[in-house]
Structures are given as structure tokens and as C-alpha cells.
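Here the chain labels run A, B, C and D in written order, and each chain numbers its own residues starting at 1.
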Amino acid sequence: MTSTFEREVLVRFGHCDPAGIVFFPRYYELLNAFVEDWFYDGLGIDYATLIGARRVGLPTVQLQTSFERISRIGDRLMQRLWIERVGRSSLTLRVSFDGADGTRVSFGQVLVCTSLDTHQSQPFPDDVRAALVRAVQQQQSSEQ
Amino acid sequence: MTSTFEREVLVRFGHCDPAGIVFFPRYYELLNAFVEDWFYDGLGIDYATLIGARRVGLPTVQLQTSFERISRIGDRLMQRLWIERVGRSSLTLRVSFDGADGTRVSFGQVLVCTSLDTHQSQPFPDDVRAALVRAVQQQQSSEQ
Amino acid sequence: MTSTFEREVLVRFGHCDPAGIVFFPRYYELLNAFVEDWFYDGLGIDYATLIGARRVGLPTVQLQTSFERISRIGDRLMQRLWIERVGRSSLTLRVSFDGADGTRVSFGQVLVCTSLDTHQSQPFPDDVRAALVRAVQQQQSSEQ
Amino acid sequence: MTSTFEREVLVRFGHCDPAGIVFFPRYYELLNAFVEDWFYDGLGIDYATLIGARRVGLPTVQLQTSFERISRIGDRLMQRLWIERVGRSSLTLRVSFDGADGTRVSFGQVLVCTSLDTHQSQPFPDDVRAALVRAVQQQQSSEQ
């Protein structure tokens, strides 16, 4: 299945631990940056304005991770994102970070749309919903 | 069920994001530090020597997380750890970070014992296995 | 000269890099946590409330660092803090992280009191100023 | 004076603190990544191999920082690097991160070439020295 968004990332010195491989919490920083990139460059939603001026939050509520292979400094990982489900106020993603030898890490992530004033869930704003629906349609048509 | 190890942690400024709540990758840094504390203070295993001189790794291979309630700067969380299963070369843990209003985050974590020279899995060293078995027995006896 | 506040910290796996020593940006996370501890436990100021409800910021504006010796996983560092100068809206600190073999890192840090609404500098609130002045007096009397 | 290397970076959600601005330790992660990029893309030195297979370290020994203006999520900073001095085993850099309103942060950084086996300083390897000297010459010729 074709992913809806891809971007390469370099494994840096600062991602790696005394074992010489990526320290697993750093993968979550990469995941968050990748989802951010998807909003800016895939969905066309200004993430900074969404969080800042518009006070819309997107906290993660569920996250499953399989660490399948190790990554080392200097590795270039292809990050790939698939939309699994768009709900009224929640979004389920599948993300993988792949190296030359196969998937290094895969994530199943559920995000919820919240108000940053109340931290309560709320429906996605119309423009975000429209962009998500469009992305799902493109993903489905590319699968056929 | 009584946890096998507990430790309080302070939510710091540096853990929190522009939404004023813990940035989720920081929870994984806290998780790793907590498991480290458990080795030192619960199991009586010198984690630094294990990783360093003894070249034994404990990478995480599976991790499930539920982010149930938000945490803010200044919150004091009780971190609790249960051993779910001790295998020949793997260890399954359940960890929760609890606030006054209930569990904030809960983790199901599978770690594997590896050689840091080959990054291949290997059986737990005898002293680590003995400490884990002892901890499981204590956990079970406290449940009765 | 006797420091005004001290606290031990453990060098953790997650602080260290593929060279097996503390990755220098992690020292700044430790520095920030240490200054935070000083506010809570040395000055008796609730840092979380200061930043949160009271909307008072304490950004760093100048920072000089000497990395003098390396630190490794498992090292226990004594963190020490001296007040160099208390101004109307700024504070100059000297901090060192010391190991058994001497100072590992030393910092000269200038912080400024700001409003988190405008990000402009403002005089220290009265209670913070009073606590700082008291700490300076204690530091001076202990030097005699 | 023309910088010897430049690269834009996006201020991300994960860089920012509850005050809504970059948490200062994150600037040091950005600094380290930027110097890494300079090695790969400016100097043409494979940083991962240098650190990994070749066991050459480049720890920072002195670092002066001026935090001049705040940065917020979504800001795009131009990172600029100047070589101040190339010694036998040390390197002095000046780096600035600039926003539309001027310099946000500037760094004066001294790095030392070490052996990762002994953590003692050593002369730069010939290829690294040659690349540094070439970069200094280009920087000087562009200044005239």
C-alpha cells in the first residue's frame, strides 16, 4: 500500500546512545517531527498556527511501537505515513521508518483533536478535516 | 496488584510543550530512567557496569502506550512497575505513571537482552536472571 | 567559597552518546533541572506556579560553559550553585558539576525575569527578590 | 563576513517550552546537528564514519552563548557558521541562528579532536585538516 507521505531523515550523533544505536525515545521525537512535516507539506495545514493562534492541540492518546531492527549514526531512514482512520475528533496513523534492510521501527498512533484552552477533545476544524479526507481519498485511489 | 518498584518523579519545565503539558517523547525518557532506577535500586544490578564493562544491552522491542490524562509542570507522578513475564532473553514489564486523578500514562514494554558487540539477543546473565526471578517471587507473594 | 545549593545527579544511559560520554546538550537539560530544584528547594519558590499561574519567565540570556572533564554513565555528579549577582530583573549564577576527579563542567549563566505574556523583561516579583537577597546573604555569611 | 556554511532549520513544536518559545537546551541539539551537517555537506567529511569506524571524537570544550531574541514554533532560522581558528587539534567556530528580526542566538564554540578510545586530544586526521584549511581559505577569499 502506497504511503500518503514520505520523507527521509538522517540518524544523527545526538540520536544515538552508548550502545551506538538510536536511543528509543529519540524515535518519538522523530515521529512527532515527521507528523508535523506531514501537516505542513502533505496536508497543507500550518501546524504552527494551528497550535499557536488557533489553539488546537493534537495529543497522542494511543501509541504502539515495534522496534524491529537497529539504526546507527549516519543511516538514512525513509519515514512513511499511512492514514488508517479519520474520525470526528481522532486520527489513526501507521508510520514506519525504513532502512536498506527493512523496517526499523513501526508505529500505530492515535491522535485526538483538542482545545488547548480546555484540553478537551473537539471535532477537527473544517480545513483540517477536509485536508484529511482529501488525503484519505488520494491514498485509496493510489492503492487501486 | 502491588507493583514491584515505585518512585516519584517531578514533571519539569523541560518536559512540557507549548500546550503546557508533557511532550509525549519526554515520557519515554522518564520511562527509561525509571527502568534504570529499578535495575540499580530494585534489582540491585549496576546498570552502568552492565551496559559499559559487561557490554550487555537491554533494547526495547515492543512498546504499547496509553496516554490517559495530561500532566503539567510541577505535577508529581508516582511511577510503578510490574513484571509481567521473564523469559530466557526477554522481559515484559507494565509501567504506569500515576497522578492524583489516576493513571496518566501506562506502558507495556518488552525488552530483550543483547550483546552490545553483536546486537544479537542472548540469555540474561545469571545475576540478572536471579534478580529478576527473585523480584517476580516477591511480587507474587505480595499479591496473596 | 561555599555554594548556596547542592544536589547530586546520576549520569544516565540517556545522557550519553555513542562516544560513551555525556552528550553536551544533555548537560543543559541537567542545568535547567538543577536551577529548577534550587527554586523549589533552595529558594522556596514554587517554580511551576511562577511559570504557570503567575506567568513569570526566567529565560537564559547569556551562558558560558567550560567542559573540563568527561562524564560517563553511572557517574554521580555533585551539582553546585553560587549566586554571582542579583539585579533588578536579572540574575547571574555560577554552577559546576563535579566528579571525583574534579569539575566536569562549569557554567556562568545570566537569567532575566520576563513576563510570559509579553516576553519583555520585568523586575523580579517581591517574593522572588526577597528569596534571592536572603540566599545571597546566607552565601556571604558562610564565606566568612 | 560571509559564513562558510548555511542551512535553514524549522523551529518545531518539540523544541518549544510552556512559555511557547524554544527551550534553550534544544538550541544545543540544533547546534550539534548543524555542525554535523557542515561536516557532511560543507567539509565533505563522513561524520558517521569519523565517529564510528575511525573512532575520532569532536567534543566541545568551550561554549559561549548569547540568547538575543526569542524563537517560536514555526519560525525558520538561518543557521550560519564561520571558522575562527583551526589549530593542530582544536577548532574554534562562530555560529549564529538568525530570524527575520536579527540574530536569535549566537555561539562561540571550541571543539577538540580526540581519540574515542582514550578520550585524549590528538591532531586532526589529515583529511579533516585539509578540508578545514580549504574551508578557511574559501572563507577568507570570499571576504575580500
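Methods note: a residue touches a chain if its C-beta (ideal position, glycine included) is under 8 Å from a C-beta of that chain, and two chains touch if they have at least 3 such contacts.
Since we're looking at a predicted model, the values are computed, not measured.
Trainee: What shortest step count links chain A and chain C in the network of chain contacts?
Mentor: The distance in steps between these two chains is 1.
Trainee: How many degrees of rotation map chain B onto its copy chain C on CA atoms, rounded to the nearest 5?
Mentor: 180
Trainee: Name the chain pair with more contacting C-beta pairs, choosing from A-D and A-B.
Mentor: By the number of C-beta pairs in contact, the winner is A-B.
Trainee: Between chain A and chain D, what distance separates the C-alpha centroids? Give it in angstrom.
Mentor: Whole-Å distance between the two chain centres: 28.
Trainee: Nearest whole angstrom, what separates the Cα centre of chain B from the Cα centre of chain D?
Mentor: Spacing between the chain centres: roughly 35 Å.
Trainee: At what distance in angstrom does the C-alpha mean of chain B lie from that of chain A?
Mentor: 25
Trainee: Residue numbers in chain B touching 2 or more other chains?
Mentor: 13-14, 18, 20, 23, 25, 29, 32, 51-52, 73
Trainee: Under the touch definition given earlier, write down the residues of chain D that touch chain A in their complex.
Mentor: Checking each residue of chain D against chain A gives 12-14, 20, 29, 32-33, 36, 46-49, 51-52, 72-75.
Trainee: Spell out the residues on chain A that touch chain C in their complex, using ranges where they run on.
Mentor: Residues 13-14, 16-18, 20, 23, 25, 73 of chain A touch chain C in their complex.
Trainee: Provide the residue numbers of chain A that touch chain B in the complex, in ascending order.
Mentor: Within the complex, chain A touches chain B at residues 18-21, 23-26, 28-29, 31-32, 51-52, 57, 59-68, 70, 116, 119.
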